[in-house]
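Read through the structures below before going on.
Both complexes shown next keep chain A, but they swap its partner, so chain B is in the first and chain C is in the second.
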Partner chain A sequence: MSSETKQILTTDGIPLEVSLKKAERKNKIKAFLLVAPLLFFLIITYVFPIGDMLFRSVDDKMVTQMLPKTFKAMENWDGQDLPDEEVFAAFHEDFIKLVEDKREGKLSTQLNYTKNGFKSIIKKLRRASKKFEEGNYKEQIMSVHKRWADVEYWRAIQRRAPEFTGQKYLKGMDMYVNEEGKIVSVEEDRRIHRVLWLRTLEIAFFVTVFCFLMAYPIAHLLATLPMKYSNLLMICVLLPFWTSLLVRTASWMILLQQQGIVNDFFVGIGLVADDNRPEMMYNKTGSYVAMTQILLPFMVLPLYSVMKTISPSLMRAGKSLGGTPFVAFWKVYFPLTIPGIGAGCLLVFILAIGYYITPALVGGASGTLISNQIAFHMKSTLDWSFASAMGLMLLSGVLVIYWLYNKIVGIDNIKLG
Partner chain B sequence: MALPKYTEPHYRIWHYIYLTICGAVFFFLIAPLFVIFPLSFNAEEFLSFSDGMKSLDPDAFSLRWYKDMVYGTKNPWGLAAKNSFIIAIFATIGSVLLGTVAALGLSSRHMPYKGLIMAVLISPMIVPLIISGVAIFFFMAKAGLAATHTGIVLAHIILGTPFVVITVTATLSGFDHSVTRAAASLGSDPVNTFMKITLPLILPGVISGGLFAFVTSFDEVVVVLFLAGLENTTIPIQMWTGLREQLSPTILAVATCLIILSTLILVTAELLRRRSERLRGINR
Partner chain C sequence: MVSKKDFVKFDQVDKSYDGKVLVVKDLQLDIAEGEFITMLGPSGSGKTTCLMMLAGFETPTNGEIYLDGKAISSIPPHKRGIGMVFQNYALFPHMTVYENLAFPLRVRKIPKDEADKKIDKALSMVSLQGFAARMPGQLSGGQQQRVAVARSLVFDPQLVLMDEPLGALDKNLRESMQYEIKHIHESIGVTVVYVTHDQSEALTMSNRIAVFNDGKVQQLSSPDELYEKPVNSFVAEFIGENNTFGGEVSDISGGKCKVKLGNAEILANPISVKGKGERTTVSLRPERALINPSTKMDNLHKGKIEEVIYHGDHTRLRINLLGNPEFILKVPNSSSNLDIKLGNEINIGWNSDDARALDPK
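Our next item is the complex of A and B:
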């Protein structure tokens, strides 16, 4: 008997394997088509724009395009002494064109980012350039202002020649490229961004710790109480969760103001003198208190959902085997809640690190975070490339946290509500 | 949670300390919300309890801030409320449609690259809002949709869909696929099966995802701050401006209304969650 494997055929005469594969592929395409609308919508409106931020943050074409001839002429310049007539003539040509298009203001803003002092000398140059005679532009431009005869300023222009730059990222860390082309930090008292980064980390860290310390006992209580009580108490967690962020921030502004209820209470119990009420808002305290209360539900819910699944008999077993309640808790209960702790801490930390509204309202100058700086550059200084650079630095920080979390706890271990 | 009779005294003390801590935390969570109620009925312009209010004098309470909210000439709350509702309703519809369909695809066991696609779909929830705001603003500005209702609705669909995707996939995870196969074997076409069999079963998940999307849109301020022009002002924007410039009791009247709204949403969401758990056979 020859038992050679005969291909199994379907009724249509097609091998079963082929037929199954075909059906499988059809199912795959079907599933993908269902996801496709949302996927493409998000890719176009969300993923690409984030990529666009990356592009904007390093894009430095503006100056390159404004002074094309100058940069072409500068290619032969060694950067040691003042450039020669060729560069000056090219710069003059570019500049006249910019004045015609009324774009010299933009040039001065851009060059001023690189080196302070360009604004006024470009204004002077514009006025003087109307009376320039043909030829010998070097002499004529240098006579407008002594800075035009300073080689440092020409080097500053040359530094803007590349189309791409990492300068905004350096600025976000309070560093810059100095005249010799080295990366150095700005002076100690001007390192505003480093202070902000550190403060953002500090506030996010402590808010997470406070949230954890407060959420753990109440999540435990909610998980162990009989349903009819725990449902009632759950409202205390869920109502703030569903209430508008601005409403909750407003209530903290009322509570924490100097004539507010918290201060009244402190005065009432004699903790502080009436004429010496502490400032609890528009500083770090305000940010801490309000953010902790606002983010607390995000810690309670994952903890609760994990604790709910832990059987109470485990604790009883631990105790019956001779452990004191504390040992039983520490050796049995606590390790089982780690996925919930991980999820809650990750959630709260990441929400806190990107917080914007609450610190802006109750944080004052000493309680604002990096997000506020990003918004400031988006709305006030309109330095969008800098805002993009800082946004992406924040984003990469968040992604690193996810990655670490995935390594340590495993992203699949996250349990939400 | 009663303690057994044999509990030793020092554990008993620990237990009461624990309960006290829990009580304090619950108070910390919920009390701030209740400060707003009485103060919104303040007859005076101050944001603290007047002596009249402390002694429960009826004259110290009034509805003047509610009247101001509705009839006040300078107050843009009417326009803001209209905009907020329009934007939130359209954003919810968009999120629910896109999110539910995508969740159906994602729950299919044939879906290729599930992890990667899921990561993209829920990324708007993971990325800090300020970054989403900047990115979405760049897109809307390029597309000419900045300062339009359409732009804000699209932005809120982006932010709202992850919630729908998550709640609906969660509901579908407990879904028995043999019922759809049964329907198909009885001659029902896929659309009919979805409308008559699948949708009614996953409806609680869809609605609670929709509620999340609605609240996200209704409460969203960071992205709208970048996108909105004067015409597109929403309730959160007005509250933000009000809180930054001057805390007036009118804001507290609005806040009270918002708390009432969120209570309604909370009750709906809870009822739906319990129904869904019953349907999925999770008994507790």
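Our next item is the complex of A and C:
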């Protein structure tokens, strides 16, 4: 008993555990150094941008910093009637400083996001403020434009006081905080994002289904054909990978347009009338066709790698035991390919949900996805915080799907190769 | 039950995969009901192809296969009702042992209580009771093997095919499984067609052995006959150990022939030689040659010991005899205090009956 619990020593008297750790340390350091470049790369290119995006999406310091005195003065304002002279004077002071720094334009842009109509009255105020006399700023500012005398606009300014805000997320769901501080949906005819979210999910789902239906037989053929044919087929599957995404999408444009090859063919075999060519591009059909083709390899490869490991003798065993070819397939082969199906579907769905270039080029108005909206805000409106918010919503959507998948199928059932 | 002599019949079966080479040539083979027949041969000899044609996974290029009097070439595999044990067991990895065994019964729509009885019986036959709930991955190689055997028998097929089922097991396990399969065969009387390239496996288990080479059955006979009386030099060489002398027949008379080897002459049993002047290979099993024979033998020659290899129960001598430096001789280690030393000259004798003059190599 006692001899078993006694610490085991090495020949030179060091406890075995210490000695083992010492021996392993070198290997651990070596292993860490090997992964370190990738780790730093990931931190710089992945963790840092996502953190920055998260910060940007809720960051609302700009207005807070531009109007520090105003917001200080507004702390005593109940928000019911127009604020009193103290607030106006503080606002005037902040505003003069902004005009000196030539930053009043930025203020007008920011305030305009909160409430339409700030742009013109700030321009007017800048011009008028040059002639302002000292004292009684309330009267002087209110006389510049009647909106300055509207309490709604002052409430709008007050809403920008906090340094952080979740309103971009609400905007992404077509909701906003109204004057009473309640979260409500925007009017029906101005809801654009919800439609886009639903359409993104719908297109991603169907693209996944189409990819699965097309990839399963291809992958099966790849896994069972003799080497010389399967290599050729593999090249055919991989060829799109080696072609630029833009070129592939452009070739779909050539094929699918109304005077394009596919339509010509349909007219040629008499399927459709020449003056009634169907629109296959600049709508959902375009997005479906092009995205399915482009994402197909991501379904084929995981399926193939799983099917490759399934011994052909299993199907034979199924048949020799009396199962019809269908029973043998359904009871024996298919269940064994489920890890590959899971991996392929997850991969294609997640790629499709964030797809950008193809829907932008062939999707038209009814075939664009949420990522196109994100890009629009990145490039055109320059509302980066809104773009970040939507990007994060997309990311969390993907994480939810991943979590659901893990719950239902189990992530360790995935096999990528 | 009267057993049929041609329960399975291969009738002039040819098989080619590429239209250029025949893998199986004009195969004529009858298998009796209840028989344990082994197809033995080197890889590429066509034995597995024959089995696959019988199972229905390959179709004969020419000829017909009959099962119980019916031509089966047009019957798909799942309707043939033939049990099969595959090389790597081919157990369904996502099903438990029970589900694996239930598969053939379910597709035959056998009621559950009856199926359970059959499964119990099959599992006890391979002494795996209590393993029904395990997954194949949790079993050892030998256990998986037994499940595969049980699965091939659970639906009471008349014919079971086994395609090198013991190839993946280690030596000891393989030997005990050989006996187990043999006993199962004896107890239920099913017809077994067994494919292997391991000759000792074939000799231990079979009623009859068909030796395949080059797409043809070289010899079909019982294990002892195959070993004692090979009909050609391929069989003699392939089964067991063999000493050969290449020479020319110089005389043939009275059931014996003289074969001239260089400047010596030996007496042999003419099997496939017909007349004088033919080239021949004389085959002699190592245990049929004796050192300093006490009885009179009609062949007696001097040879020089080139190598002595100790094998535990016997000692193996390599002797340079009549111009053949590879002549092997087995000496039991029990009594003999013969003068076995490297480089010694010894007298070696054998009966001409045991020296079979076969086709030249």
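The rule is short, and it goes like this: the second predicted complex is superposed on the first by the 399 of 417 C-alpha atoms of A that agree within 3 Å, B and C clash if a C-alpha of one lies under 4 Å from a C-alpha of the other, contacts with A are read in each partner's own complex, and residues count from 1 in each chain.
Definition applied: a contact is a pair of C-beta atoms (placed from the backbone, for glycine too) under 8 Å apart; a residue touches a chain by one contact, two chains touch by 3 or more.
Keep in mind it's a predicted model, so treat the numbers as computed, not measured.
In the overlay built on the shared chain, the residue A:Ile218 is in contact with chain B alone; chain C does not reach it. When the two structures are aligned on the shared chain, A:Leu38 is found in touch with chain B, with no touch to chain C. Shared-chain residue A:Gly323: touches chain C; no touch with chain B. When the shared chain is aligned, chain C comes close enough to touch A:Pro335, but chain B does not.
The partner that reaches more residues of chain A, of the two candidates chain B and chain C, is B.
Within the superposed three-chain model, A:Lys119 lies out of touch with both chain B and chain C [touch as defined at top]. Look at A:Ser313: by the touch rule set out above, it reaches chain C but stays clear of chain B. In the superposition on chain A, A:Lys61 contacts neither chain B nor chain C.
Across the two superposed structures, the residue set of chain A contacted by chain B and also by chain C is 325. Here chain B touches chain A in the complex through residues 1, 11, 18-19, 21-22, 25-26, 28-30, 32-33, 35-36, 39, 47-49, 98-99, 101-102, 104-106, 108, 110-112, 117, 120-121, 123-124, 126-139, 154, 157-158, 161, 165-166, 215, 218-219, 221-222, 225-226, 236, 239-240, 243-244, 247, 251-252, 255, 258-259, 262-263, 265-266, 269-270, 284, going by the rule given at the top.
Chain C contributes residues 55-57, 76-84, 86-88, 90-94, 103-104, 107-108, 151-152, 155 to its touches with chain A in the complex. Taken in their complex, chain A has these residues touching chain C: 311, 313-314, 316-325, 327-328, 331-332, 335-336.
Contact residues of chain A toward chain B in the complex are 24, 27-28, 30-39, 41-50, 52-53, 56, 214-215, 217-218, 221, 224-225, 227, 233, 235-255, 257, 259-261, 264, 293, 296-297, 308, 325, 350-351, 353-354, 356-357, 360-361, 371, 374-375, 378-379, 384, 387-388, 391-392, 394-395, 398, 402, 416.
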